[in-house]
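Below, each structure is written out as structure tokens.
The two complexes that follow have chain A in common; it is paired with chain B in the first and with chain C in the second.
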Partner chain A sequence: MWKYVVKRILQLIPIILLVSFLVFWLMSLTGDPVRNLLGDQATQEQIEAKRAELGLDKPLVVRYGIYMFDLVRGDMGEALDGKSVSEQFGQRFPYTMLLCGTSILLTVIISVPAGIFAATHKDSLLDTGISVFALAGISVPVFWIGMLLILLFGVKLGWLPTSGIQQGLAKSLILPTVCSSVQCLAAMERMTRASMLDNLNSDYLRTARAKGVKEKTVVWKHALGNALIPIITSIGGQISLLIGGAVSLETVFSWPGIGSYVVAAVRSGDYNVVTGSVIVLTVVVSLVTVAVDIAYAFVDPRIKAKYTGK
Partner chain B sequence: MAEEMKDLALEVKNLNIRFETDDETVYAVNGISFDLEKQKTMALVGETGAGKTTTVLSLLKLVQSPPGVVNADTLKVVGNDVMKMTATELEAMRGKDIAMIFQDPMSSLNPVMTVGEQIAESVMLHEGLDEKAAMEHAKEMLALVGISGDRVNDYPHQFSGGMKQRVVIAIALACRPSILIADEPTTALDVTIQAQVLELIKKLKDEYKTSTILVTHDLGIVAETCDIVAVMYAGKIIEYGSLEEIFNHTKHPYTEGLFNSLPVMGGDRSQKLKPIKGLTPDPSKIYPGCTFAERCPYATEKCTQGFPEYKKFGATHIVACSRYDEPDFHIERKEID
Partner chain C sequence: MSKKSEKTMATPDLKKRTRGQQIWHQFCKNKGSVVGMAMIIILLIVGIYAQFAYDYDTDIIGMNVDSILLFPGQDGHLIGTDHMGRDMLARLLYGAKYSILIGVLATAISTVIGVAIGAIAAYVGGKVETVMMRLVEILMMIPTVLLTIILVAVMGVSLNNLIWALSLSGIPFMARQVRAAVLPLKDSEFVEAAKALGVSDFMILMTHILPNSLSPIIVQATIRIGVTIVSASVYSFLGLGVPSPTPEWGAMLSDARVNMRQYPFLVIYPGLAIMWTTMGFNLMGDGLRDALDPKLKK
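For the complex of A and B:
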């Protein structure tokens, strides 16, 4: 098993190198960081000098090599304002992860039971009700939900902070968490319902029932045990989406995470911040994918057997 | 007079089951009645689609619903009416009073649970054993069906089809049920293993005094294991009787057809097999007359008007065929005394 885990992580390396190179290359096309740094009045000589100083006169591949070498050692270079990117990143990263964590937790706690309920009460009034909500949840844009939440709970009722974390972390987490969960919730409820329905009329559930197993155990142990694979896949997908979605969400709620950091950096053309953040987030998403694959082996002995060769 | 003091394991009167789907209604079982005495083995034979599985599933109240709709005047398992039981009562009955060996071993086991857990589960429920004791029992059950007890912690995918079937059998037998329903327990197996499994079921019948319904379309198996035979056609029992009555005094043209479509051991090799011509009737249609009339070589005009009444021949022999209204009607198959 461990061998498999290590193998999967090693397999990530070429993927990460490729993606990071693409990011690096695309960033180099987006504009001249030196011009951003020195402003419009700079002379040609000043620009050339600055380039040489920053190593920008070297070929792309060499620059990439140097950049990655520094990155691996935890040095992401300097931002336009002269601050260390690694330091800023290190401060903000936990906030993004925290928000992703609470969102996925809320999503799973609500959507999995809701999906199971909908499947076991197929075509009932509540199932239809849940379906309507889920459909609405999938179709409505996140930023719009964010606005609504802010207007209602923040402005009108004044119950919850709508911006930043100054009024206490726990309280401040509520609105962004709810907002980012809505779409995930809907998607995961659909997934859980479909996956449970696939299993609820299967032959092995009939065997379980024929043994006299209680319906509750039939559903939560036998059916859910088999429905977990697509549900876990879906959780992995939602985490990746949440990380991607952090960009807009954190801006709406002025959340001090990577998302808002990157957005600001894109606006000001802060080359190092954008490149570093995007590469690190790519690595995180890749790790989530691997974690999902490994989780499969724990819920399905057939998959585990393939890895352990048993 | 209904109080004939016979000890009945099963009592079924006028059982009807239909499946209502969006585009059609399938009439799978149409007014079946039979009793099963304790410690007897009854064969339920008939072509594919005759409604055998549906019939036996209803005894455990496991007909999928929707789309299934089950109606019966009486549906009693060891004296208790299944139609009136609460969910809890049903759960207490299943696996203990009545257990079932399912038709398809490949899909009947939970792929993410070890076979030991799956056998132990019902023992823990019905016998109140703790997990450790139940696992020990599971090992014994595996050994009983000819699988090494060391394999309790293996998963279904690690077993062959025949071994899976034995695990399914071990699950059904784990709590020594009073009634065992075996739905084609050997179709998925090769011949040598078939014999072993049948031997096992017979042995258990003697040891545990189980009453058994054996669903099959193999008359050879019936001859070897059963006391009573019910022949089903299109959701109805068209002939019912003791093994001797059915095999030696065959009355119904359909049953005759079943025998004629069998190769005879040691029989005249030059004689050709005669499969029953035609197709099984469309179960979504209601036939006014005898459902077998279309394919019956003896059918007359009268056969298509009204389902034939059951006529009694021997002590237990019952046949549904209108031609026997004629006093000297007989089928070709010879009676053997």
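For the complex of A and C:
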């Protein structure tokens, strides 16, 4: 089993190197930062000198190597305003992760019971209702839901803070969390419903029912136990979606996380910030994905058997 | 079952239905898909109407000092006016063009490239497949929103560049879907027969494999249009998509942010327009899936 864990983690290294090189290369196409720094009046010699000073005269691969070496040691370079990117990133990163964490929690709390209910009451009015709601949820941009929530709970009712974290972290977290989980709710609910239906109609549960096992035990113990495996795996897939959603949500709610940081940086052409943030976020997403895969392997006896050779 | 087949035998016209008619019949049986199609047709009609009814320079992007921020119903402005005094309804209807254009074009481009990559990878197999699909997987590791943002940063902010960025970031998803659709066909008997007859690989792909895997591709593309329209509005909202005076719905929402607390209608209607369009395409996609690809039916 440990062989599998080590193998999955080792597989990640070339992927991370390739992804980060791709990002680094793409961002190097955005233009010459020296020309932006010095302006149009700079002479050729000044440009050459600045380039040598910043190390930009070296080939792309060498610059990438230096960049990654610094990154691994926690140095992501400087932003346009002279501040250290790693420091800013370090301050903002926990807020984005907190938002992702609470969103996943809320998604699971709502969508799993809703999916189970929809599966056990297939084709009922409520099942259809949940489906329509799920469809509506994926048909609107999540930042718009954010704006509507701000209008309702912030402006009209005045119950909750709508911007930043000045009025207490817990209270400020509520609206962004609700909003952020809307984008995963639909997918998770459909997933739970399909997975539960698969199990509820399976032969082993027909046998269980024939033996006189109570329907309650059939649903909550037997079916749910097996249906949970694909549900848990799909949580891993949601993290990428959540981080993507965070980009627009953090802007709407002025949330001090990485999403709003990256958007502001793209707008002002601060490409050191964009390169570093995207690489680190991608690494985080892939680590979570692999961690969930490994957890899955521990839970699912079929994958376990494949690697222990039993 | 036997009753049904007897009936089919007794009425020969039923059997004469072409594949197209069968699909249409199946499509219409699904209420949701008909509603979705109706929503899209209505949108197309009002969208085309708006192109002729309003003048871009005066009605859509021009400033009108007398009618700044009127509430819905005031002075004959059905859903109010924005901070430049422009009629919201005119801008919304005119803006339908952009959302549909972005959704359809970006999806078409990523579908064509995704089909090429996915089909070749699945058909050729071996090392080519491994390398191509690994590259696709690597692209998928970067969260889509971040990938699109990087592409926008590289190319610059404009309508055309947004379409390209959305197309490129949609390729990995389409390539995987196409590969999954082509794989089971690769070893089928009719492909073997064509090979035995000496048909070239290119012709086998174009005339035998692709037509047979078209259904899931069309279904995925239709649903993808909805997803693309939603994400396009996100980038315009963030100021990384269609620039502001253009009445793209996401850009309108971005403009509305400043005044939203006093004038909530500025926020509500563009969002509803996005929802209408995306729901239309999603419903239609669901119906198409049931009609074209019975295997996928839940």
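Here, the second predicted complex is superposed on the first by the 297 of 310 C-alpha atoms of A that agree within 3 Å, B and C clash if a C-alpha of one lies under 4 Å from a C-alpha of the other, contacts with A are read in each partner's own complex, and residues count from 1 in each chain.
Rule of thumb we're sticking to: a residue touches a chain if its C-beta (ideal position, glycine included) is under 8 Å from a C-beta of that chain, and two chains touch if they have at least 3 such contacts.
Everything quoted here is computed from the prediction, not taken from an experiment.
> Aligned on chain A, chain B and chain C: do they clash or fit?
These partners fit in the superposed model.
> Check whether chain B or chain C contacts more residues of chain A in the superposed model.
C
> For A:299, select first, second, both or neither according to whether it touches chain B, chain C, the two together, or no partner.
first
> In the superposed arrangement, does A:27 touch chain B (first), chain C (second), both or neither?
So A:27 only meets chain C here.
> Using centres of C-alpha atoms, tell me the angle at chain A that chain B and chain C span after the overlay, to the nearest 10°.
The angle comes out at 80 degrees.
> Between chain B (first) and chain C (second), which does A:215 come into contact with in this model arrangement: first, second, both, or neither?
first
> Output check: A:226 vs chain B and chain C. Expected answer is one of first, second, both, neither. What do you get?
Only chain B; A:226 stays clear of chain C.
> Just to confirm the geometry: in the superposition, how small does the C-alpha gap between chain B and chain C get, in angstrom?
Superposition on chain A places chain B and chain C at a least C-alpha distance of 6 Å.
> Can you list the residues of chain A that meet both chain B and chain C?
In the superposed arrangement, which is not itself an observed complex, chain A uses no residue for both chain B and chain C.
> For the complex, which residues does chain B have touching chain A?
Residues 60, 62, 64, 87, 91-96, 99-100, 102, 104, 107-114, 118, 121-122, 125-126, 155, 157-158, 168, 171-172, 174 of chain B touch chain A in their complex.
> Sort out for me which residues of chain A touch chain C in the complex.
15, 18-19, 22-23, 26-27, 29-30, 135-136, 138-144, 147-148, 150-151, 155, 194, 197, 240-241, 243-245, 247-248, 251, 262-263, 266-267, 269, 271, 274, 278, 281-282, 285-286
> Using the touch definition up top, name the residues of chain A that touch chain B in the complex.
It is residues 201-204, 206-215, 222, 225-226, 299-302, 305 of chain A that touch chain B.
> Along chain C, where are the residues that touch chain A in the complex?
These residues of chain C touch chain A: 137-139, 141-146, 149-154, 226-227, 230-231, 233-234, 237-240, 250, 253, 256-257, 260-261, 264, 267-268, 271, 274-275, 278-279, 282-283, 298.
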